[in-house]
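In what comes next, chain A is part of two complexes: it sits with chain B in the first one and with chain C in the second one.
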Partner chain A sequence: MRGPSLAVKGGILLAAVFVALKFVLPLLTAPLPMSLIYLYLFLTIIGIVVYGTLSGESTEALLGPIFRFLSGEGIGGAVKSARLAVLVLFPLLVGWQTYGGLAPNTQPPAESRTIHPAPPGEFVGLSNPLPNTPENVMMGTGLYAAYCLPCHGPKFNGNGAASDGFNPPPANFADPGTIAMLQESYLFWRIKKGGVGLSVEGHPWKSAMPRWEVELSDDQIWKIIMAEYAGAGQKPRTWE
Partner chain B sequence: MEHIRNHRSVYAYAALFLVLVFAVAMPVGLAWAEDAPAGAATEYRDIPGMGSRNLIWIVAQQHLLLAGFVLGVPIFAWVCEIVGVRTGDQRYDKLAKEFTKLLTSSYATTALFGGILLFLLIGLYPKLMNYLSDVFFPSFLVYCALFLLETATLYLYWYGWDSMQGSKKGLHLFLGFLLNVFAFFIMIVPNSWATFQASPVVIAEGSMWARAWAATWNPTWWPVNIHRLIANVVLGGYICGAYAGLKYLMAQNAEERVHYDWMGYVGNFIGVFGLLPLPFAGYWLMREIYQYNQQMGITLMGGFLSWLFILQAMLIGILFVGSNYYFWLGIMHRIPGSEARYRRPILAMLVILLVCLGVWMTPHSLVASLEEARKMGGTHHPLLGVFGVMSAKMTVSNLMILVTFMSFIMYWRAGKEETARWAKVAKAGQGVLLGIAVVVVVVLGVWGYFVPAITRINYFSTTQVLVVLFVLLTVTPLTGLLMKSARTTTEMVWGVMPGRAGYVLVLNAVMVILLMTLMGYARSSSRVHWHVYGVMQDTSQYAYSPALGYAAAIMALNTFLFCLLVAFIFWVASMGGEKKGGPTDTAHTKAKDAASPAVGSAPAASTGHQ
Partner chain C sequence: MRTVPLRYRAAALLAVAVGLLWVAPALSQETVVVRAKLIQGEVPTDPAAPIWNTIAATEFPMSPQVHWQKRIGSVTAKSVKVRGVHNNKQIAFMVEYADPTQDPADAAALEFMVGDKKAHFAHGQPMGQVEGGPVNIWYWRNDTPAAADMSAQGFGTLKKQAQQDVQAKAVWKDEKTKVTFKERKLSLRKDPKGEVVKDPQTGNPIVDEDTKVAEQEVSGVWRVVFTRALTTTDKEDVQIQPGTFPNVAFAVWDGKKLESGDLKEAGSQKAVSSWWYINAEPPPDYSIYLYGLIAVVLAAGVEFVIIRKVKKGQPA
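Up next, the complex of A and B:
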């Protein structure tokens, strides 16, 4: 194993992962938030360190060049200038990052929103009192079209005509991580009480969901729930 | 130099004095206790500044961690002793004795913290303790009796070690068995009190014993019992590993290096042995919690506590990587000439582990700035959002278990050549079995996105677990049989591990402690503003869940305090050990050349170094 190769390979791998996540992935899908990119870079560093320090020889191949570069031992010419540049630029970079993190900014801070807070006790364990018949589903679909479709969309994927106006966007029922993970009683609570009825746990209460109990009866809400599951191709969570 | 040393001593005494002043002054804080109105019973008392809840949190966590260690160590100390008797190898007996030495030195401190916790609970939360005493008084008596029996058995087991050798060894093993039986019941009785608070079963009628029994047999009691039993073995194993790691780093001669290298290996092995089934037990516990109360389940897994499970993934992931890294270091350093052969499989396993860890750590809703969230169309990423749900998490955790298991098997086989005629068939069979298991786990994981949640939970996840367990339970004995007749091609050399192996052992122990503090907070916080869920509300000024950042700071403090405590206990134990005997007896010569290794299929601590 050649001495400096492992350190260089590790550096290249780290840079490649960063470039792939930050610049290549957005060409295929939505860009990743930096919190996730940092997480994956952290794992990459762990991988490089673990693999590079398995044996004495590989440890030297990984860390030796780094230590020699930092200590300036036995280096000269262009490498010496590069070392000087790193020693000057790195603290400046850290300072710049720190300033960027602390300076007043017009952007609100990143937040961890509780998407699925626990429902109040009176909504736990309720079951749909209406039979799941084609008629009820059809009626529910009609109600969905009238009340829910503008935001949650005709395909139940949260892509309604009005969805662009909301942050966070309306829920995508076709995503297996939304209504498929929840019992019908949970949906009943969210539809009936809306964003204003979120529990304390639902911090920071970012939901534009109307409080539909004002306009819809309980039976109508249960029918809409049936229609949502049928339309999105999902099944509610049950315990039996 | 003498002058500096004197100054250091002054500082040390000053620090000790301050600690003592604090310890004495702390109870004075109780003088500021909340007074009840005339004629009414006091419901709560507080400690100004620190807060009663924080004090209970810290003391209870220290007690629980110590108890976990004290109840976990006898299990594998006893198993080591049995191995020693069956194989006739005295090293295992010595190791078991050293484990028990750590146990005896921690036992009194555990009891001490239990006593402090009890007094503080009675003083600070009299309303709750009054209620719990009404429900559980019979089991308090049972607990006292068990404690007496455990203490007496431990004394006999430890002090009778040397005198019960030879023909009396059977009696000593029986004492070890009794020790574990009492320890198990000592664990499950208080578990009933804690689980009752989370999932109470209250009956108004019946005798005192009937009410206590109904409350004891609550829905989360057995899931917690099993989870804690396994977790205690993991904690005990990794802490013994860390102890060995530190001793290895401080070793003054080859003999010590050989002994503590081997002890570190055994500690890590025990930790991994427990770690592999632990996620299954945790999954069962969460399932029972969901079934008991949907609200509590959602608060834990989908609500404000769900972020703790991302932290948990990170800690477990580091633990898996750390444990594997230690195995791999063992292959590279203890088996000369193995680097070329094992580098590629190790790289493959490392990549799988890290990819799995990446999936496990990816949250369902991502932490994103407003701009990032807009670009993603919400906090769910359209592509990586699928990693956030249980189907993905279950799949990768099972794969990580399989990889770790294969690391161990690889370590076991390294430096040996199978001689059995059926070896080729057996190895091919194991490979096929592993391949099928991986395929089944992945297919069920992907399929899990397209079936109702109940199908995934009841059938798919269970099948994934059973498949992995089947691999563990078939490949292990098969490999054992193969190794029985295997020829050693390269002798294993002990005592030549690099220093980072010792640090990894310490890191693993810290990760386990952090994990226990983290999930202790999760379990306790899932009750939200209830002392006894749905039965007795918390009406104190602390009837709110602390913010996650604040909780993380207390968890870190608890981890730090426990490490200090354990270091102190082990330091005291090692002072006794140096005088009494054991592997450090011969360390008086303090030979400086600690490099000469021991060669053999296993180390011979007393005579094996070359």
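Up next, the complex of A and C:
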């Protein structure tokens, strides 16, 4: 029994690659830009054409159904209707793409902000020099209440009374995706240098996080870090 | 009773789904962009001009300024509603916010990035790893007849520009307006017997937080209209090209005099927002429809040639 022709198999492969890149991949990692998806689809088509034209027989298997579909000879029923739909829709699609490319953009530019950009080398691997004692945590909690609570909130969840107007919003320390996946040295960098210390991918021009090195000593910052982990019920990430 | 064929019902459902996909981004975008509508004739400089009632407002939440010293804990303006219009030469923005009292030191400002470099929203202060640019600030204060066209690139650099291009007119009305804001309540968790529940690990009482969006009716509204040419000859000014998305931020000061003699909000103690966007509606360009039509004709022509060629060379 004959299976689907090479052209149909190629079409299925192309559709599968598109679905995988567009819908499945974003479930695992960051979504790909459409320009990259088009590039991968183009490469897939090249691969299908190269494979399909290796011999005269495979060329016929690849191009024969396409030619018959286009010419309309020897087809009927649903395939005939599909052919008519393709022939009508193709020029309309080209027209729509042209219009879309020329029409003025009504959306603001996309912002792909990196939440946790890499810290400068001098802040990598630093250890908290202070012992994690109840006294230090208590002092850190007091400092947190005075300096951090208005934005990050009494529940350490970024829901402080001063947070509403800021975009991006203050970090939610109770979320396992924030300080729980970071080392203490990372927090030390972010608190000490503030939003303006971020690299370009962190969009420092939008961050309201103060540069606390102007007002707090290093020891005070380390104590605040202890208090944030304790208050949010999290533990710093370690390499062990 | 006649029933609608299944294929028509499916087509209708599909049309609704496509329509929703189309409309959803348009609805969501209005929380981040001030759309300045293109109008014919003069732009309104008067906050009471009827045209403002026909322009949709975009509302932006405001925060107390906590980024640098001297900070403030809470502010009067919880949000600002901003409308915009332009006539391809002049642009006008109306900033509306609730303020129960009219005071001489009441003030509002718009801030824009200038040039291609990103500027920090706090007066374009220097950034550690990014070379930032300057900001242009349009400032109005109730007891000052003229608006101020200002520039800054870092704290302590704010200055009035040599060339003043901005005008402002404001009206305070003792009318009622509704203000929405987040209301936060903390309470100690209690068991059914009324006893405070403690964390089994730390022994500390467990505190619950209840946050909800509340609405409050306030008497007193400021409406401030800023106007300026879309583009100027001043290099320190933001240049607004229709169709583009320049960044904008807002600031509001409640200049109410406290019993101590101090102003409730002044200087760095103010309500602020982060960066958002403005978009001056571009003039209609009908040529894009023509180009779309040409593309349809060309594609159909190519299709015709290919099919003809295929039919001629069709293998038996």
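Just so we're on the same page, the second predicted complex is superposed on the first by the 128 of 240 C-alpha atoms of A that agree within 3 Å, B and C clash if a C-alpha of one lies under 4 Å from a C-alpha of the other, contacts with A are read in each partner's own complex, and residues count from 1 in each chain.
As a working rule, contacts are C-beta pairs under 8 Å (C-beta built on N, C-alpha and C of every residue); 3 or more make two chains touch, one makes a residue touch a chain.
Since this is a predicted model, take the numbers as computed values, not measurements.
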Which superposed partner A:167 touches (first chain B, second chain C, both, neither): both
Partner chain(s) touched by A:218 [first = chain B, second = chain C, both, neither]: neither
Partner chain in contact with A:107 - chain B first, chain C second, else both or neither: both
Touching partner for A:64 - first (chain B), second (chain C), both, neither: second
Which superposed partner A:94 touches (first chain B, second chain C, both, neither): second
Touched partner set for A:119, first chain B, second chain C, both or neither: first
Contacts on chain A seen with chain B and repeated with chain C across the two complexes: 107-109, 120, 167-168, 203
Sites on chain B touched by chain A in the complex: 291, 293-296, 298-299, 302-304, 306-307, 318, 321, 325, 328-329, 332-333, 339, 343, 346-347, 350-351, 354, 357-358, 361-362, 364-386, 388-391, 449-454, 498, 500, 534
Of chain A, residues touching chain B in the complex: 25, 28-36, 39-40, 43-44, 46-47, 50-51, 53-57, 59, 107-121, 124-125, 158, 167-169, 172, 175-177, 180-181, 183, 185-186, 201, 203, 234-240
Interface residues, chain C side, partner chain A - complex: 25-26, 29, 32-33, 60-64, 66-69, 73-74, 78, 113, 118-122, 125-130, 132, 181-182, 184, 186, 207, 209, 211, 243, 245, 271-277, 279, 282, 285, 287-289, 291-300, 303, 306-307, 310-311, 314-315
Complex contact set, residues of chain A against chain C: 60, 64, 67-68, 70-73, 87, 90-99, 102-109, 120, 150-151, 153-155, 157, 159, 161-168, 193, 195-200, 203-206, 208-210, 214-215
